[in-house]
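Listed below are the structures to be examined.
In what comes next, chain A is part of two complexes: it sits with chain B in the first one and with chain C in the second one.
Entry: the complex of A and B
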């Protein structure tokens, strides 16, 4: 029977959500490919992961090696290329995460396998695999076909729901093909982003700013936003471009590479809604977006939207909020 | 230090209306502003910072038509020493793998310590050209790089992980480093820079110049085929408040008040 490989992603002793999303999300596809699902687990001291994964896959293929203790794309690539050459899975799935982005392209190039990155869905067309992925910041979807099998794809975080299928996986241990130390790349340490005085994950109300606010280092711009936040008793957070410019510290960033927040109110000002940002705020109770672009993806996650210049809307909103407070 | 930086000329679609062409293989370029890919802007800055600190040369490379010379001129004006543009009709329909083959063919005969690329492009967002290029050149790579400190034939590199975490690793040079946004503060282009850029070399090469056959690129030389583009179906849409700013802001304040979201 054909096999679908799903690479297990883990970090600092914990399995990452993407692992379960992939194992659950590829079930229909595996069925249509007449394939069973094998979770490929590489690492050191990983017995507890085996237990956690048992109900999620048909088989768990384990390679243990001291050299696999921390993620090293080079070491992972050698082990996976060995396993793929030996077992010839029809499809290999890897997370489109920092880990997968580092690993998958070089692995696919080494093996000469077609790789579609950042996929959000799959179809079979005349027996050939077609991947769905997004382009132009999520404004366009693309159907991309693989020319030859076997296939490789990286999967966007949260593109699939993790629903436990209640399986009972067979566990197979394979010897590590790593004979020597990896010298081209060496893991040194993890560093956490500095923690500031405000913890946005604890906030009940958040006013978040994005590229659309323009120059956030401008006093006038900043005070318009801060006034609204003050009236609402909200904390100010932001999307990536604001941090990239150094206008707000990293610990105010909402999204995959920043924080995940679930406030009662999330007011997004000038944020387009790239999936990396949405992943960090979509669980908020009430989401409001103000953006000039009616096609901005943020409006597909928001509950309420205003399509306008935020600098015209925000001062009036601040005033009305102030009135509402005074009126009670 | 010899540095190569790979850049791409892309449309800015952040606030633009994106229209798919009738053949469903591309988007209409009319009305869109084009410029250097955002990630590449940081890659170029990092390349120039390295040169300023350690000496050497920066070569900027792009694959694209005549219009992408705007992006190369920008790199030259900022401080790159020379530029190379590869153009060939056979390149139409190339996937990321085929483009990496082209870059590999250009770069393999050059001297280099670091090859910088952006971690991804704002148009197709594949995020794989740099890492594929490294594999084809047989050198190590790191993706989503947020800090680079070269030291004795190696570099200490930070990679961005999820949730505000970074990974620090040591990587042997030469290497490909695919740069994440925010790694530095890209400089502005100066008038002086623009003047100097006019005198710098900008070489245009065809496929035969770099020793590739048309079959190795384009649709034939690619492993993926773009079948069609379509506008994503909208599963859920916000209730859009309409009217002048006075009206929409008033409506919104009312909704927030009703929902108990205004602290009193």
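Entry: the complex of A and C
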């Protein structure tokens, strides 16, 4: 029976969500390919991972080695190329994460296997694999067809839902092929993002506050805004005056002298829409503005506008978002 | 230490005669709020190699107001040394992301604001203005900020009304207009500046332009003093309108009972010695009482909008100079701060908000005051 390899991603003693997303996301495809699913687990002291993965795959293929204690693309590449050559899986899936992208291109090149990156879905067409990936900042879905099997792909995180299929995997331990020292790449340390540091340019949803919020150092004001942001899973950004007042750090400022952002949702609360602000956010997919002044220029770039006091609107929004989520 | 074109800084800017008197740093509007110190950088440029420039993020604090140049007893150009150092930072790609975006947009779109070139003339859509191909006595060079920033578009629109009222025969380039490059050169991007200069000179030449009038002192400065091969005569709009006022062609009839204070733009005042024309225009409006700052004309304080600062916050901390100026204006009893530069307009409007004087004092361009006086 053919096999689909799914590379297990873990960091500092924890399995990453992408692993489960890939394992459950490829089930239909594996069925159509008439293949079983093998979770490929590399590491050191990883028995607890084996336990956690048992119900998610048909087989768990484990390679243990001291050199695999921390992620190292060079070590992973050697092990994986060995396993792929030996077992010839029809498809290898790797997370489209910084780990995965450090590894997949070189591995595919070494093995001469076609690679589609950042995929969000798959189809089979006349027996050939077609990967779906987004282009033009997410505006277009492109279908990429592979010429020949075997295939390799990296999967965007959260592209698939992780749904436990309740399997019971067979566990196979394979000897490590790593005989030599890994010399080119070395693991040094994990560098933690400083506490509170948020990269607003990467956020999918942003709640942005302007002078209309009044005194943002006021606990009450802050908590009203933060509650909405939490419900939305959004990060908080702002206009320049909020930074000037020292209420939010400089890296939260959107605009020509701050950051340029393109989230799916940009919710502007009490921001007038000065050109220097708008230039940093007008490319957002959906812009919603709350401002009590109907003439505020922000409404010329907004897709949806609410003309009212934001302190009336925000609690209602928070409630509605909560309801919508509860109902799904 | 070597400049971008291979000469040493000392030779290129004649730094050997520097007295280290410190008048430049003493007069610099940023030196109190940043590590920026023109005197020190002049010394460093003489003594060390390129290494010394790297990791000096505060070099982006300089507004290129040129106060340091004005004060130097040796006629040196500390501001040019700083621009030269920025060129090295650009070569090394040690550039704030926002500056990089502005430069890239200027290369791609012909403006630093990230806007499409096809939208440059939108502000004039309903004004039916002559285009340069039809020929006119003056080419009105609008500039990037008046063309794209909705607040400053009103300056361009007001100017058009005043030009028409004064019978000025003018045309615009519309979407063919490109960034003048004044800020680009000051951000250290010499290559891009030269490209813009060549393109613009060619466009002006093609349309046989003999006289250019600008909204912005920045465009005026670069055309007047830095463009090579430009044959046209260059005017800031305050000069042209003052002439029309003297000839009786611009008639200011409506009363405006306001106390108005005037902010000298560095690129008009300090750098080009145009002090009187803007003042004459303002004080000729019936009813206006023109107030003066204590620090005015050559001693005026920079608004912090120049030298690429529109796209770089850099490292300066503490109260912005525009905020200090707004507070001074309020204390002097002014009701309107009159500006004659798009960047002053933006820095001052922001400063009025930050100081909490909204509703108490307004920021208006001189062109906007003139519109009120003619209609």
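The rule we apply is simple: the second predicted complex is superposed on the first by the 198 of 328 C-alpha atoms of A that agree within 3 Å, B and C clash if a C-alpha of one lies under 4 Å from a C-alpha of the other, contacts with A are read in each partner's own complex, and residues count from 1 in each chain.
Rule of thumb we're sticking to: a contact is a pair of C-beta atoms (placed from the backbone, for glycine too) under 8 Å apart; a residue touches a chain by one contact, two chains touch by 3 or more.
The structure presented is a predicted model; accordingly, all values stated were derived computationally and were not measured.
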Pick one for A:124: touches chain B only (first), chain C only (second), both, or neither.
neither
Need the overlap of the two footprints on chain A, from chain B and from chain C, as residue ranges.
211, 240-241, 244, 250, 256-260, 300
Interface with chain A, chain B side, in the complex: residues 11, 13-18, 20, 27, 96-97, 100, 119, 122-132, 134-136, 140-144, 156, 158-172, 181-182, 185, 222-232, 234-241, 245-246, 248-250, 252-257, 259, 261-264
Chain A partner contacts - residues on chain C that touch it in the complex
97-98, 101-102, 113-115, 148-152, 310-313, 320, 346, 350, 353-354
Taking the complex as given, what residues does chain A use to touch chain B?
11, 16, 71-74, 96-99, 101-102, 104-106, 108-110, 112-118, 125, 130, 133-148, 183-193, 205, 211-212, 232-233, 240-241, 243-246, 250-251, 253, 256-260, 264-265, 272, 286-289, 292-296, 299-309, 312-314, 316-317, 319-321, 323-325, 328
As the complex stands, chain A meets chain C at residues 211, 240-241, 244, 250, 256-260, 274-276, 279, 297, 300
